[in-house]
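Input: structures, listed below.
Two complexes come next, and they have one chain in common, subunit A, joined by subunit B in the first and subunit C in the second.
Now for the complex of A and B:
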């Protein structure tokens, strides 16, 4: 292998691990957010529902982290430097704010039940379309994870869609509250459909999904559900971006502080 | 403002601390509580639906989804029925004596008085 192609392989690997981390972080941060509802749901049955969803997407995050760790460890074996092994846990608990590549939407605060539902709907709507395509990825591992996860996400989308309709077309208060949430969350939806560098680099090889082409289908589904829910999509909203390459809102720091505290304070602790 | 969703607290942390920006008014509208539903689960194709328990939901669709989340998370089912509890009629416990006890001493109603040929198996 000549030096140039070696560098190319290394670059490709970095793009692939960045992409995996992006997918994993999206799921992990949303799972962490949703898990805060455990014990606080508006009613027992819905408390279990949101916690189930949280566990589903945590499982997806684990799959992506495990794959990332696998790639990182195997590429390290090629070089002579002895470095400690990367694990799914070290990726989740020992990376800092700027290394997280999740989109800004998932780190937004839970707010009331309506805001949590709406965030889930906006995200599941995207994740469903994403996994639908990712099933055909040239990377077999990613394709397999997507094939497994899409069944879960199909349910998340159905469940959250019905809740959006229920709240939007419910009472005056529920309508007004979810409208407020739409205004709070909408600025963070645009970013999802702008390809980051690692996505651009990998779409050519059919490894990553070109997210820009998902937007139309996403918008159509959102518009249909909102119409049924008597809600309107805001127009001319300034789009917030940055999360996918590590520039986050201040909220992520608080999430990580809580999530990573144990491993930072007691490195390597298990229970 | 009336609250149409009754809040069932079973944690001890009130809503304002738990993440909600506004606390839903505590006044409870009696018509606003979600009705009770009975859940029946079929564990395998070919078996009967069996009563699994009950839950609260606003409508049938939500009841089925709640049942899916509450009663089938450990792979318990392949099919779910729900029916609003108010549509289930039952016998009156006060009438148990006249309803059930007369059957207790009629052993001749059990098919145990036949001599079976040896050739018959699995009876």
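Now for the complex of A and C:
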């Protein structure tokens, strides 16, 4: 291998691991957020539902982290320096705020049940469209993870869509509350459909999904569900972005502080 | 049958007795979790057997997978196999179509409605018709979905309007 192509391979690998981390972080942070409902859901069945969803997306995160670790470890083996092995756990528990590449939407606070539901709907709507395409990724591992996960994401989308309708078209109070949540969360939706550098670099090789093309279908579905829910999509909202590059809202720090505490305080602890 | 085939058959027979930790009436073979077994001889003298067991999760986040893996290792070790590799595969994705007919009967006898014979996959359309599920207790079809998410990722919660018993339904996937 000559030097130039070696550099290219290294770059490609970095883009791929960044992309995997982005997908993993999206799922992990939302799973962590949702799991806070365990034991606090409005009724038992829905408590079980939201924590089931948490478990599904945590599983996706694990798959993406394991794959990232595999790539990172194999590229390290090529260099002479002995470095500590990367694992799914070190990626989840030992990276800092700026290294997380999740979109801002998933780190937003749970709020009331309506806000959690709405966040899940906005996200599942995107994830469903994403995995539909990612199933055809030129990267076999990503394709396999997506093919497996899309069956589960279909349930998440159906369930959260129904809840948005139920709350929007429910009582005056539920309507007013979810409307408030729409105004709080809408600024974080635009970012999802702006390709980050790692996405741009990988779409040509058909490894990553070009997220900009998903926006129309996402908007259409959102509009249809909102119409049924008698809710309105806000207009002229200033879009917040930066999460996909590591610039997060202040919320993420609090999530990490809680999630990573044990491994930071007692490195390597298992139970 | 050559020697390796005999050993492979032996491995399958052992795996038949490993039960799913959440649904202890089903073996991991009934569920279709074990996709392949490979038995090879090492080149050293005397040769040893290398066993590879390929397993696939029912659901992405199924927490039972790590437990099943350690069970496979333990039981095969107890049966005298030493070099065991358990490999997790995701593709092709697991489906309830892989559940054996015997497995479906055992599920029903255990009180869990088995997945329907004709695959009815979840669609994202809202408030659409639910699977017509037979009550495993009284066999009435007058049943109602309570929640699409049940005690484990693979089950939904139903109730029977005839005998009024709640029950789990192993959903099509």
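Throughout what follows, the second predicted complex is superposed on the first by the 271 of 271 C-alpha atoms of A that agree within 3 Å, B and C clash if a C-alpha of one lies under 4 Å from a C-alpha of the other, contacts with A are read in each partner's own complex, and residues count from 1 in each chain.
Assume a residue touches a chain if its C-beta (ideal position, glycine included) is under 8 Å from a C-beta of that chain, and two chains touch if they have at least 3 such contacts.
All figures in this text were calculated on a predicted structure; none of them were measured in a lab.
In the three-chain model built by superposing on subunit A, subunit B clashes with subunit C. Using the contact criterion defined above for the overlaid structures, shared-chain residue A:52 touches subunit B and also reaches subunit C.
When the two structures are aligned on the shared chain, A:157 is found in touch with subunit C, with no touch to subunit B. Look at A:70: by the touch rule set out above, it reaches neither subunit B nor subunit C. Which of subunit B and subunit C touches more residues of subunit A: that partner is C. In the superposed pair of complexes, A:112 makes contact with subunit B only, with no contact to subunit C. When the two complexes are overlaid on their common chain A, residue A:173 makes contact with subunit B while staying clear of subunit C.
Once chain A of one complex is fitted onto chain A of the other, the partner contacts of A:148 are limited to subunit C, with no touch recorded for subunit B. In the superposition on chain A, contact is made by A:165 with subunit C only, not with subunit B. In the superposition on chain A, contact is made by A:42 with subunit B only, not with subunit C. After superposition on chain A, the stretch of subunit B whose C-alpha atoms clash with subunit C is 43-51, while the remaining options among 25-33, 43-51, 97-105 or 115-123 stay clear.
In the three-chain superposition model, subunit A touches both subunit B and subunit C at residues 45-46, 48-49, 52, 158-159, 162.
Within the complex formed with subunit C, the subunit A residues making contact are 45-46, 48-49, 52-53, 55-60, 62-63, 128, 140-141, 143-145, 147-149, 151-152, 154-155, 157-159, 161-162, 165, 225, 228. Taken in their complex, subunit B has these residues touching subunit A: 1-8, 10-11, 13, 15, 18-22, 34, 55-58, 61-62, 65-66, 69-70, 73.
Those residues of subunit A lying in contact with subunit B across their complex are 36-37, 39-40, 42-46, 48-49, 52, 109-113, 158-159, 162, 166, 170-174, 177. Within the complex, the subunit C residues that touch subunit A are 57, 59-63, 90-94, 121-127, 146-151, 153, 157, 173.
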